[in-house]
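Shared chain: chain A. Partners: chain B in the first complex, chain C in the second.
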Partner chain A sequence: MTLRPHNPPLLSVKDLRIAFGDVQAVHGLSFDIHRGETLALVGESGSGKSATALSILRLIEREGGRINGGSIRFGPSPDPVEITTLPAAALRALRGDRIAMVFQEPMTSLNPVMRIGRQMTETLRLHRGLTGAEARSAARAALDRVMIPDPGRRLDQYPHELSGGLRQRVMIAMALACEPEVLIADEPTTALDVTTQAEILTLLRDLQRDMGMAVLFITHDLGVVAEIADRVVVMQNGRKVEEARTDALFAAPRHPYTRELIAASPRLGAGAPAPLKDAQTLLKVSNLCTSFGGTSLLSRKAPTPVVRNVSLTLARGETLGLVGESGCGKSTLARSILRLIEPTSGLIELDGTPITGLSPKALKPHRARMQMVFQDPYASLNPRMSIRDLVTEPAFLHGVAHGADRAALAADLLTRVGLPADAADRYPHQFSGGQRQRICIARALSVRPAIIVADEAVSALDVSNAQRITDLMADIQRTEGLSFLFISHDIAVVERVSHRIAVMYKGEIVETGPTNEVLRAPQHPYTRRLLAAVPKGAPERLIQTPSRPLVDAL
Partner chain B sequence: MTAYLLRIFIKMAVTLFAILTITFIATRLSGNPIDTFLGEGLTAEGREKLIAYFQLDRSLWHQYLAFLRAAASGDFGLSFVERRPVTQVIASRIWPSAQLLLTSVSLTLLVSIPLGVLAAVYRKSWIGSAVMVIAFAGYAVPAFILAIVMILIFSYTLNWLPVVGNGSFLHFIMPTIALSGVLVAALTRFTRNAMLDVLGQEYIRTARAKGLSEFWVVMRHGLGNASITVISVIGLQIASLAAAGSVVVESIFSWPGIGQLLVNAAIVRDYPVLQFGVITVAVAVVLINAVTDIAYALADPRIRLAKS
Partner chain C sequence: MTTLADPILRRRRPSATNALQKVALTLAVLLVGAALFAPLIAPFDPLDQSLISRLRPPIGFGRASPGHFAGTDELGRDVFSRGLYGLRLTLALAFCGAVIGLAIGGLLGLIAGLRPGWAEDGIMALVDMQIAIPFTLVALLVLALLGSSLTVLIFVLGIAGWEQYARIVRAEVRRLASQPFIEAARAAGGGTAYIARRHLLPNIVSPLVVQFTLALSNIVILESTLSFLGLGVQPPTPSLGSMVGLGRDYMPTAPWIVLIPAGLIVLLTFTVQILGDWLRDRADVRLRDR
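After this line comes the complex of A and B, so read on.
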C-alpha cells in the first residue's frame, strides 16, 4: 500500500524493527520520503513513532533501545548509505549535517548553560569547518532564516532568556544551519501554544519550500498533520496501519483505527453544550487580583500582577471553559479561587458565602466543596500509596470517611469513574495515563464537591483518552449536578465540554459568554487570533499562504 | 548579579552574628567556665578574682553585650597558656591549615571529577563498577585509619615520607591524602550521579543529533551542566572537611594548624583559645559557602542573569 511517486526516495525505511530490552516497540515499519516532501508519522503515545524518529539517526541506541531488524537507506539511489550498519564516525558526519532533528521540548532541548551562539556555531564548526567571525555570521544568518527578531543579540543570550516559541525557532535554526537534506521533527509544536504553533508550522513549511528538504514530521495531532503533511503514515502499537495522501486520509480513512483517531480529535466548530437556563449561581468571583513577588525584603521590583481584576460566575451543573496561552494566568486564577495561592484583592463567594478573608480553619469545610484535578496524572499521584488510600485521602482528611468506610468508599468512587473496584489494592504505576486521570477524578469526588477545577486535566493525554475523560466528566455532571471550571489551552477541547467560555489574556478575562456564541462571533481581537491559529483538523488550510510576521509583539 | 552578591554578603553577616551568639550561649550553658576549665587546684580567693575578671558575676545580658563589644574591637581575650591574645595565637595557625585545605581540595577535584565522569559514562561496564567500588571503599575508611596505615607503610617501613611537621613538599603528601580520602569518595559518587542525571537530559540528545563526538557531548554539554550540581555540594563537603577532618589529621601529623591547636587547647583547657578557634573555623565555613554560592552563580547563567 506504499505510494510511490516517480522520483526515487531520499530516505527509505524498510521493515524496521526496534526493541527496548525485551519489548518490541516497532514491528517491521516501512516508508519512503522524497525530496521536498513532508511525511507525517501519526500515532498515540506508545505507538513507536518517536522511537522510529530516533532510529533514523541511530540516537535510539543512547536511549536504551536498539534496532533489531530492517534497513534505513539514505541518499540518492545509485549510492545510498545503510544507516543501520554505518560506522560511528560516518554516522556522526551525517548527523546535524545531512539529516537534522528538532525535538519536542524547546525548554529542555537546548543546553541551559551555553549561549545560543555557541550552540549554533558548534554545528557549523563541526560540519563546515567555520570558526570565529565566519561561524558567527553563519549562525546569525541561520537565525535570520527562521525570522528571529534581533538575531545578533540572540547569539549572546542563554536559552532561558527566550520564550518557548523563540527557543523552538532557535532549535529549527540550529537544525537547518548546515542545510540538511532531511529534517526530522519530533512533535516540534506539541509544547507550544496554538498561536506559536501556527507560526512554527508556517515557518517549517516555508523553509521546506525554499530549501527543498524532505521532512519527517512526528505528531499525535491530526490537526497539525492536516496543516503540514503531504502524506501520512498512521501507526498503532508499532505497526503501520494506514498510509495515504493527507487529503485522501481525511476524506476517506480506511483503517478503523484511523477513523477512531479522526473521530476522537477535537475539532473546532464541532458544537458545544448549550448554555444552561436559569441556573443557580454557585461560585461568584469579583475583581480578583493576584500578584507574585515584591514581598521579599531584598527585592527591589514591584509585585508582578498575574491575575488582574477577574470577575466570573459558575452556575450549579455548569462547565465554564477557561482558555488562554501558557503564562496568561489561568492556573494562577484557578489556584487563587481555591485559595491555594492567596489572592491580593477581590471577592470569592461560594454559594453566597465569601471565602476570601476566611482563616485557614474556617476555610476548611469550604475547601471540601472545591476540588482540583491537575494536568500531569503521573506527578499528581503519590507512587507509594495504594489507590484506596489515594482516592479516599481527601475524605479522610475532611473527616468524612474513617477506617473500614474507606474501602467501601474507594470501591464506590472507582466504579463511578469507570474503573474496576479491585483497582483499590493496586498502585499508581500499574495504570495508564488515562486511568490515572480517572483516579484523580475519583479522588476529587471523594469529598462530594460542588465544583471540580480541572487544570489542563486532559492535556497530557492522547486524543482518544482525552475524549473518554471529558465524556466521563460530562456523565458525572449529568448524574451528580457538579460544576466544572475547565482550564485548557486547547480551544477545541474546551468547546466540546463547556456551556460557557472565558478567554484569558495577560491576566485578564477579555471575553466571556456562551461557548457557541463566542466561537462563532468572537469580539476581542485576541480571541480571533486564538481561533485563527487553531488547526482545523482537515486539510482545507493546505493552501499555501505566505508567512505572517511574528505576532510575539502583540 | 549585584543583588545576588549583596544577598550573599547580608547572609554572611547574619550568619557571623549568629555564630558569635551561639558560641556565647554554648560556653555559658556548659556551666561556670572557671569551674569547668580550671576546676581543680583553684583557691576560693583565686576563683573569686577570676570570676570578677571575666565579669561572670554580672547578668548574662551584660556579659553578652560585653562579649559582642570586645569581639567588635577584635578582643577575644588572652590565651591561658601562651599569655598572649588568642587572635595572635590563632593567626599563626591559619596559613598552615589553609595550605593543607587547598592541597586537599585540589587533589579531590583532580581525582574525583574525572573518576565520577568515567563512572557515569561507563556505568554499565566494569570500569564504572570498579570506580564505584573504590569510592565506597574510600567512604568506609576513616581519615585516621588511612593516616595510620600510610604512616606504617611509607614512613615506618619504607622510610620515604616524613610524619611530623610541614617543612617541605614531602610533608604534604600523607596529610593531604588522609584529608581528601573521604571527600574524594563522596565527590566521585556525587559527580557520577549528577552526570547520570544530566546525560539523560534532552539537550544531550540534541548535542548527539548535531553529530558531536561522544567525548564532546560528555565534556562540554554534560560536565558543563553537571558542574552546577557538583559545585553546590562541594562547598558543604569542603566545609565539613575544614571543620572536622583537619582536627584529626592535623593532630596525627602534628601539623601546626588550627585543628591541632584546638585539640591541644581542649586538653589543657585553654578556654579562650578554644572559643576563638571555634569562631575561626565557623567563619571559614561561612567564607567557603559564600565562595561556593558565587561559583554556583558563575556556572549557571540562570542564577547569574536572574533579575531581582
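After this line comes the complex of A and C, so read on.
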C-alpha cells in the first residue's frame, strides 16, 4: 500500500533491514520521499523509527547496529546513489551537505565548549570550502534564515547562553547551512515546551516551502504529525503498518494499531473529570516562597526566587493539575510541598496540621502521607535493588513492614498496579518504561499515603503507556480515595486526569479553577498562549466539536 | 532502544572476556596458593647463602647447579625460593596497603560527597596536596624519620593511594546525589546514613573495585621503588621489588635474578586487573544474567 505521486522520489528506501547484534530492529521497511514533501515516521519507542533515520546517513553503525538487507537510494532517477554500499569518504561528503540531520536533544547536540559561530562554520568549511569572513557571513545568513534575533551576537556565544528553543534553531540553521536536499528531523521538538514547539514547527514548515527540500520527520506525537506532515508512515515493531496522506490517516485510520495510537493520544478538548462537590480540604498551601542560592559562604549572590507566593488547596480524592513550561517552578513547588527542598516562607497544612518548620524527626510521620512519583522511570529506581526492596522501601523506612512482611506487601502492591507478583524478584532494568512507572506508583502506595505528587510522571512514556498509567491512577483514586497533585507541561494530559487545574508561570500561579472552565475560558494571557500552542491533532474536526471527545468524532 | 543507549550494557564482548577471565582466575589461585604455601613449596631457605654456587643460571643452561632450577643469585641463594617468599611478602603488603587506602579514601570521599561546605573543602584540599607533592619523597621522609619497619611500610603504602579513592567516591556520590532515585529515597523517608549504605555504596562498588586493582598494581611498584632505594623491605628479607632492585647490577651477566621477580610482578598485576573487571561485572546486577 504505497502512495505514489507523479514526480520520481528523491530518497527511496526499499525493504530495509536493520539489526542490533542478534536482534532484528527493522524488518523490511519501504518508503519514498519526494522533493518538497514532509513524510512523518510515527511509532512508539522501540518501533525502529530512529534506527531508520540513522541508517539513512549510515550513522547506525556507530550505535552498534548494522544494515543487513535492503537498499537506500538517494538522488534523481538517472544515477541515484546507493547509500548502503557507499564508501566512507563519499558518505562524509553526503552528510551535512546533501542530507542533513537535526537531533532531539538541543542541550547535548551542540558542543558546549565551542562558540556557535565556530560550530556553524565547521560544516561550511568542510563542504563548501569557506573560510574566515566568508564563512562567518554565511553562518550569519543561516542564523538569519531561522529567524534568530540578533544573529551577529549569537555567533560569539556559547551554547549554554542560549535557551532550548534558540539552541534547536541553531541546530536547524546548522543543518540547513549547506542547503540540503533532504532534512532528517529526529524528534526535534520533543524536548521543548509547547509554545516553543509551535514556533519551531512553523519555522520548519516555512523553511521547507522556501527551500523545496524533502523532510523526514520522526516523532511519536500524532499532534505534531497533524501540524507538519504531508504523508505518514506508521511503524510498529520494526514494520510499516500503515502509510497514508495525513488527512486520510486521521479521517480513516485503517490499521488497528493506528486507531489505537490515535485513541491514546491526549487531545485538548477531550473532556475533563467534573470538579468534586463539597470536598474536604486535605492540603492547604498558603503564600509559599522558595528561593535558591544566597546561602553559600563564598558567594553572596542574591537568592533567586523560584516559587513566588503560591497558594493552593487539594481536596480529598481530588486531582489538581499543575501546568506550566519547563523552568516555571512547578517541580520546585512540588518538592517544597514535600519538604525535599526547604521553602523560604509560607505555610503548608496537611489535614489541618502545619508541617512547615517541623524538624526532620517530627516531619517523618507526615512524610508517609505524601509520596512522590518522578518523571524518569529509568533513573528514579536504584538499578542495584530488587523490585521487592524498592516497592517496600518507604514502608520499611516508616516501620510498617519488616522481613517476611516485605515479600507479602510487595506481591500485594505489584498486583494492585497490574504487574505479576513474581516481578518482585527481578531488577529494574528488566522492565519497560511503563512497567517501571507502575513500580514507582506501587512504591508510593506502600505507605498508604493520602496524597501522591506525580511530577511529569507520564512525560517520558509513549502515548499508549501514558494513557494506561493515567487510567491506573484514576482507578487507584476511585478505589482508595487518594488525592493527586499531577504536574505536567502537557496540558492535554492534565485535562484528561484533573478535576481542577492551576497554571504556573514564572514561579506564580496565574490562574486556577475547574479544568473545563479554565480551558474553555482562559483568563490569563499566558494560559491563552499555552492553549493556542498545543498541537491540535486533526485540526478541522477539533474546531467543529471543541467540547466533544475527539475519539468519538473520528 | 534503552538497552542500546546504555553504554554499560553495550560494552560486553562475552566470549573473549570469559576465556581471559578463566585464565586470570587460574593464575590467581596459583599465585595466592604459591604465596600461602611458600614454606612448603620452596626447595631452599630463601636466606641460605652458598658462595660456591653463586650466579648459577637456571637449569637447561651450562654451569647450572642441580636443585636450583631457577638459578642462584650473587650470594648463591636460590632465586625460585626467594621469588616465592618475595611474592608472599609483596602480596601481603600490597593487599594491606590497598585496603587501608580504600578505607581512608572511601570514608573521606563519602563525607566530602555528602557534606558540601567546609568538610568537603578541607578533604579536597588534602587530596590536592597529596597529588601535588611527589609521594615517593613523602614516603622517603616518613621512612627515614620513623625507621623502616614493616608496620611503617604498610602504613606508608596505605596512604599512598587514598586520594584516588577519595576523588572517585566523592565524584560518584555527587553524581548519584542528583539522580532521581536518591531523591525518591529521601521522599520515602530515608535518612543520610540509610541512603549512603543502601543506595550509594552499592552503586559505587564498580569504580572502587577498578581503583582497588589499579592501586594494588601501583603499590607493588611503589614497594619495589622503596625497596630499591633501600627504604622498603630490608635485606636479606626478599620482596619482589627488592629482588629486582638488588639484581639490577647483574642484569647483563645474570638476567634471571631480575627476570624471575619481574615476571611475577607482571603476572600479579595482570591477574589483578582482569579479576577486577570480572568483579566489577559481577557487582552489577544488570550484567550478571547475561
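Definition applied: the second predicted complex is superposed on the first by the 537 of 554 C-alpha atoms of A that agree within 3 Å, B and C clash if a C-alpha of one lies under 4 Å from a C-alpha of the other, contacts with A are read in each partner's own complex, and residues count from 1 in each chain.
Convention: contacts are C-beta pairs under 8 Å (C-beta built on N, C-alpha and C of every residue); 3 or more make two chains touch, one makes a residue touch a chain.
Remember, predicted model here, so these are calculated numbers, not experimental data.
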{"item": "Clash or fit, chain B versus chain C on superposed chain A", "value": "clash"}
{"item": "First (chain B), second (chain C), both or neither touched by A:403", "value": "neither"}
{"item": "Partner chain in contact with A:368 - chain B first, chain C second, else both or neither", "value": "second"}
{"item": "Partner chain(s) touched by A:376 [first = chain B, second = chain C, both, neither]", "value": "second"}
{"item": "Partner chain(s) touched by A:352 [first = chain B, second = chain C, both, neither]", "value": "neither"}
{"item": "Partner chain(s) touched by A:129 [first = chain B, second = chain C, both, neither]", "value": "neither"}
{"item": "First (chain B), second (chain C), both or neither touched by A:63", "value": "both"}
{"item": "Touching partner for A:50 - first (chain B), second (chain C), both, neither", "value": "second"}
{"item": "Partner chain in contact with A:113 - chain B first, chain C second, else both or neither", "value": "first"}
{"item": "Chain B region in steric overlap with chain C, selected from 42-50, 96-104, 240-248 or 294-302", "value": "240-248"}
{"item": "Touching both chain C and chain B, counted on chain A across the two superposed complexes", "value": "63"}
{"item": "Parts of chain C lying in touch with chain A, wherever the complex brings them together", "value": "1-2, 4, 9-10, 117-118, 179-181, 183-191, 194, 198-199, 202-203, 284-286"}
{"item": "Complex contacts: residues of chain B adjacent to chain A", "value": "3, 6-7, 10, 201-203, 205-213, 220-221, 224-225, 228, 299-302, 305, 307-308"}
{"item": "Residue ranges of chain A touching chain B (in the complex, touch as defined)", "value": "54, 57, 59, 62-63, 92-97, 100-101, 103, 105, 108-114, 122-123, 126-127, 158, 160-161, 171, 174-175, 298-301"}
{"item": "Interfacial residue positions of chain A with respect to chain C in the complex", "value": "20, 45-46, 50-51, 63-65, 297, 335, 338, 340, 360, 364, 367-368, 371-372, 374-376, 378-385, 393-394, 397-398, 427, 429, 433, 440, 443, 447"}
